[in-house]
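There's a structure below that I have some questions on.
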Amino acid sequence: MGILLSKETRVVVQGITGNEGTFWTERMLAAGTNIAGGVTPGKGGTQVHGVPVYNTVQEVVEKHGAEASVIFVPPPFAKDATFEALEAGLKLIVLLVDGLPVQDALEVRTYAREVGAYVIGPNNPGMATIGEAMLGFIPVWLSYVYQPGNIGVIARSGSLINEVCSHIVAAGMGISTCIGLGGDPVPGTTLTEVLALFQQDEHTQGVVIIGEVGGSMEEDAADFMKVGGFTKPAVAFIAGRSAPPGKKMGHAGAIMTLGRGSVQSKESALSAAGVKIAQRPSEVGRLLKDIV
Amino acid sequence: MGILLSKETRVVVQGITGNEGTFWTERMLAAGTNIAGGVTPGKGGTQVHGVPVYNTVQEVVEKHGAEASVIFVPPPFAKDATFEALEAGLKLIVLLVDGLPVQDALEVRTYAREVGAYVIGPNNPGMATIGEAMLGFIPVWLSYVYQPGNIGVIARSGSLINEVCSHIVAAGMGISTCIGLGGDPVPGTTLTEVLALFQQDEHTQGVVIIGEVGGSMEEDAADFMKVGGFTKPAVAFIAGRSAPPGKKMGHAGAIMTLGRGSVQSKESALSAAGVKIAQRPSEVGRLLKDIV
Amino acid sequence: MKLYEYEGKELFKKIGIPVPRGIMVTSAAAAGEAAAQLGTEVVIKSQILQGGRGKAGGIKFAATTGEAREAAAAILGSQLKAETVSKLLVEEKLAIARELYLAITIDAVKASPLIMASAAGGMDIEEVARETPERIVREAVPIFRGLLPFQARRVAYRLGLAGKEASAFTDILLKLYRVFRFYDAELVEINPLVVTDDGKMVAADAKVNIYDGALFRQIDFVKGPERYDNEREYRAARYGLGYVKLEGNIGVLCTGAGLTMTVLDLINYYGGKPANFLEFGGATYKNSYYAMQLVLEDPDVKVILINTFGLVARADVISQGLAQAIKELKPTQPIIASIRGTGEEEAREILRKEVGLEPYANVEEAVRAAVKLAGG
Amino acid sequence: MKLYEYEGKELFKKIGIPVPRGIMVTSAAAAGEAAAQLGTEVVIKSQILQGGRGKAGGIKFAATTGEAREAAAAILGSQLKAETVSKLLVEEKLAIARELYLAITIDAVKASPLIMASAAGGMDIEEVARETPERIVREAVPIFRGLLPFQARRVAYRLGLAGKEASAFTDILLKLYRVFRFYDAELVEINPLVVTDDGKMVAADAKVNIYDGALFRQIDFVKGPERYDNEREYRAARYGLGYVKLEGNIGVLCTGAGLTMTVLDLINYYGGKPANFLEFGGATYKNSYYAMQLVLEDPDVKVILINTFGLVARADVISQGLAQAIKELKPTQPIIASIRGTGEEEAREILRKEVGLEPYANVEEAVRAAVKLAGG
């Protein structure tokens, strides 16, 4: 049911003894997440909400087995924690950190690709397979926002996930897996990569894409759809039509994007690929009902 | 006929306009080597012994096609030249340089493995498939030393290749491919890797291993034979029984080798794996005749 | 964090990238002295962070110290691209034969540093990119291996350079990559990279943007108030808030960039005008008090519109900050709020009890109400 | 190139690896002053390049400045492991609680830097490695990615360290890796890495070996005559020749390490004794003149034995150098030569015509002849 994460997935919580780690571990457990162990260097041997704590990810993997990790460590240590998880063989890493240096993000994404793993984030709210498990900050216990179902949700911005999911539920539908890709310049996983996973997931009947101004992930995804990489029904909402213009990055920014990156460019690319475009979040539910 | 190199292999000569590059290009051409182009940055557009010279390896590959490279550049530029060849997609690089920093050698070998290529060397005399092609300094035109045949020859030290091959020829046999792995601490290609190639080569009926004191390549190769990785008849000569003891590398050297590295350890490991041991180079021919 | 040209050139000089001889000054008199010291014709360049200063009159040439003083006096203190010019770089005037373009930035799709270079540098480089994209050479650098000389040379040859020019360019590019990596840059750019009449290659300009999220370890750089459009944006950043002043009258407080942008879009959709962009999501939700303070400072604000649908930003904690701000700062403007997400029950309770605020059921209702109150 | 302990510790100090307070001296008087300045009990350590100086009496403790002077006087000028002691490191005496072992070297098989560490450091570490190899923790470091903190921590935990000790060890290891990489080392070793009574971690010794083949870019280090066993080996190295003095009377000149070792083996096999190891292969074949000069300097040499079967070392060029040397230096000893490989026809011609030397047909014949002449 859904992609990447299920109630069977054994999870490591890195940075479990910090304030955030401890607070959200309780919520993740309540959401059904199968937490195998926590890690905080130097705190091995303790417990957090009944979860055993170890010094290294490798120890959790050796003692309990694990496939995934959710990382609650501050920016200076985030790259190290992610590499530790990847080197220990974990194939799904939810990297929540806000403030990862962009060149660290390059290394993280490159290494993740080398070892065939998915890093979701950084600077994201996490992900959840509704009714099964949650990694991060998704408030799956809000029943008017999250109900299990067969719609996949992919957002660049975390704050819109709740808003849009509430409209899906209001329209009488439910969600398989929702994923926040994060708002940083170099995401560990792209929209296209998640669409490819949803394409393979029999349980997911359609997806909602929550995009925003800047970058070219939405246009790249549209290209992917045009070559048949993703063929299920899809609705998109793109935020940022009236956003203040970004501070320009020399001439390089203009040369690199060359006409991609605006809300208009994203909407027309996705529309040309067969995606229905919502003008407001509240339209998502209706549009979805028409096509799924 | 032989391994890695044949008369069809299209070769790039890097550093072709230097003294050594120019001198040996003529010899390699005379030995039948199919040289597609030479490279010296800044000298593109010129010619050396009729071979067109380009600024980059990529240009040779695009214009003529190439599978291999032989590198005649000095130590400060050798890593760069090797990476250039590997990045251009070449799968056989003969890296002759004497004096490559050992940490550069680590990078070279690591990258070669990543892209599935063979770097032969550094600090080696090259290789030849007798009667077809030669890369480096092997004097294949000395007919009492080199005759085509079905014996593969692998040497760590270049200077013994001639000596041992002359005894093979004196015994009435000939050589398929001979390869000098080089005398540096971190060779781009190991004895074991070459044995695996000779195992696959139908033309090669037996091999001669020319080893020497230090390192553990011969013992590793013996391990490989014991698990069936190499099963053809083999003769070995190991030099260095009376070599002055190496200057010890702290305790680390002793801890790392732990009983490997001596002539005795190599001879007994190889002998236990079924290899005939020659006490002198002149015994190689007779021992070979007994088993091939 | 954008560096000024003169700061970027200091980094270049340190690593060995050739730059013109130059002196940074802050007065017309000093500009005259600098010109005298350089002993050549000079160019006087306003030090601002936005691009396009040349076309806006921020660069002047001077043949004498008197001219230098006059030119400096004319530029200093003027408004250029919304910045007040307080620093000038006085440099020897180069004898320009040709202008190249060279930049390293980040390719998010390939997840690698990206070299972009062109033989057609100068002010029209964006047009070159649009009209003749093949004249822009692009090379992605593998992040772990780094930029090796052969790849730098390849860029030089692809630009059509040869001989000493190819060598000089290769050397500059290798050093520029070290600047890029060492200083956690998201952009380093030299435009133009000048080839002089006597065949030298010189970085006539320098753009270096340090990635803000790496400033914690780039301790040589402090992003002070002069790097922000105004004092309020600077103060917002110190609290971890993203604030941008806009033209309208609806004061916006939101969690998360996506929801904030959506609220601005909805305000426009329903015919209103936002007074600002203000995002206090993520790890900074405790600063809702400061967020309210910032919005209230703006005399244009007629209505306050609060929208949260938090994830890590817990609604109850946000509401505590808001309630405190309302009690202390006593805003006279009406407040419209939609507060949802983790802790939303407690949040509503806090706002109701402490400041008598009744939250709206959803974002769109709240936006419509705010637009109506603002007279939209 | 091996660094002396005091040099290694300077690198450590620069990068922040804790070392004992210490002063390098070259006289007994200065040792006394250093002890006074340090103001504690001291240890006086002879600065030599070979290991095992402790067991050989090269390390002494002193409680007073007088004792320090005496101890220094006793060690200075003495012969230790074939080195004459000319430098001493006077250091504060540590209060040692435990001794760890830490090294980074090169794993040729995995082609990666290799960390080796043990909680059982000190002089018996090799025995620990033989008897209880599981007490040596090994971690290979991926060369492109480098050593990351998590891997350094893992080594600490695998050694059984915890708390502040684990943190201190992790910090030292990360810095030691930077020393290893930055200085092109083939070995960096701290033995013992001391845990003091008050819980600090201090590098009580420092071994840093720079890879000779990287000295061209490690321009802070020059391998001077003091790093060689004797002046002749130093001179040989300056010509690019590998020379080691041995006990016998057959002066050996060969191309290539493998052939040279084989010739020594054959000399022994046939009952002779080599006077030296001398290899002049590779790119240095033009130095055959200097090679002959070196061998002739050794008064033990009764016969000269030359064997080449060159590849890049061209026989004709080698023979020119040899002929010149024979003509100029006029050796009185008999010369036996087997000269083969690229250019061998011209080579034989040169030797015959210029110095009347008739080369042997192969190595073994030449060796047998030399052994016979040497009286073996």
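We call the chains A, B, C and D, going by the order they appear; numbering starts again at 1 in every chain.
To be clear about the criterion, contacts are C-beta pairs under 8 Å (C-beta built on N, C-alpha and C of every residue); 3 or more make two chains touch, one makes a residue touch a chain.
In this text the structure is predicted, and so the values were computed from the model without any measurement.
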item	value
Mutual neighbours - chains that touch subunit A and subunit B alike	C, D
A-C against B-C, pair bridged by the larger set of C-beta contacts	A-C
From subunit A, the most remote chain by mean C-alpha position	D
For subunit A paired with subunit D, centre-to-centre distance based on mean C-alpha positions, whole Å	55
Between subunit C and subunit A, distance of the C-alpha-averaged centres to the nearest whole Å	27
Subunit A residues counted as touching two or more neighbouring chains	107, 111
Interface hub residues of subunit D, defined as touching at least two other chains	144-145
Chain contact topology (line, ring, star, complete or other)	other
Pairs of chains satisfying the touch condition	A-C, A-D, B-C, B-D, C-D
Residue numbers on subunit D that touch subunit C, as the complex places them	144-145
Residues of subunit D that touch subunit B when the two form their complex	2, 50-51, 101, 103, 105-109, 111-114, 116, 125-126, 129-130, 133, 136, 142-144, 181, 184, 186-187, 189, 191, 207, 209, 211, 213-214, 216-217, 244, 246, 254-262, 264-269, 274, 277, 281-283, 309-313, 340-342, 344, 362-364
Subunit B to subunit D touching residues, read off their complex	20, 75-76, 96, 98-107, 109-111, 113, 123, 125-126, 136-139, 142, 155-163, 166, 180, 183-187, 190, 210, 212-213, 215-217, 220, 239-244, 247-256, 258, 279-282
Interface residues, subunit D side, partner subunit A - complex	145, 148-151, 153-154, 157, 162-163, 166-167
In the complex with subunit D, residue positions of subunit A that touch it	41-42, 44, 55-58, 77, 79-81, 83-84, 87, 107, 111
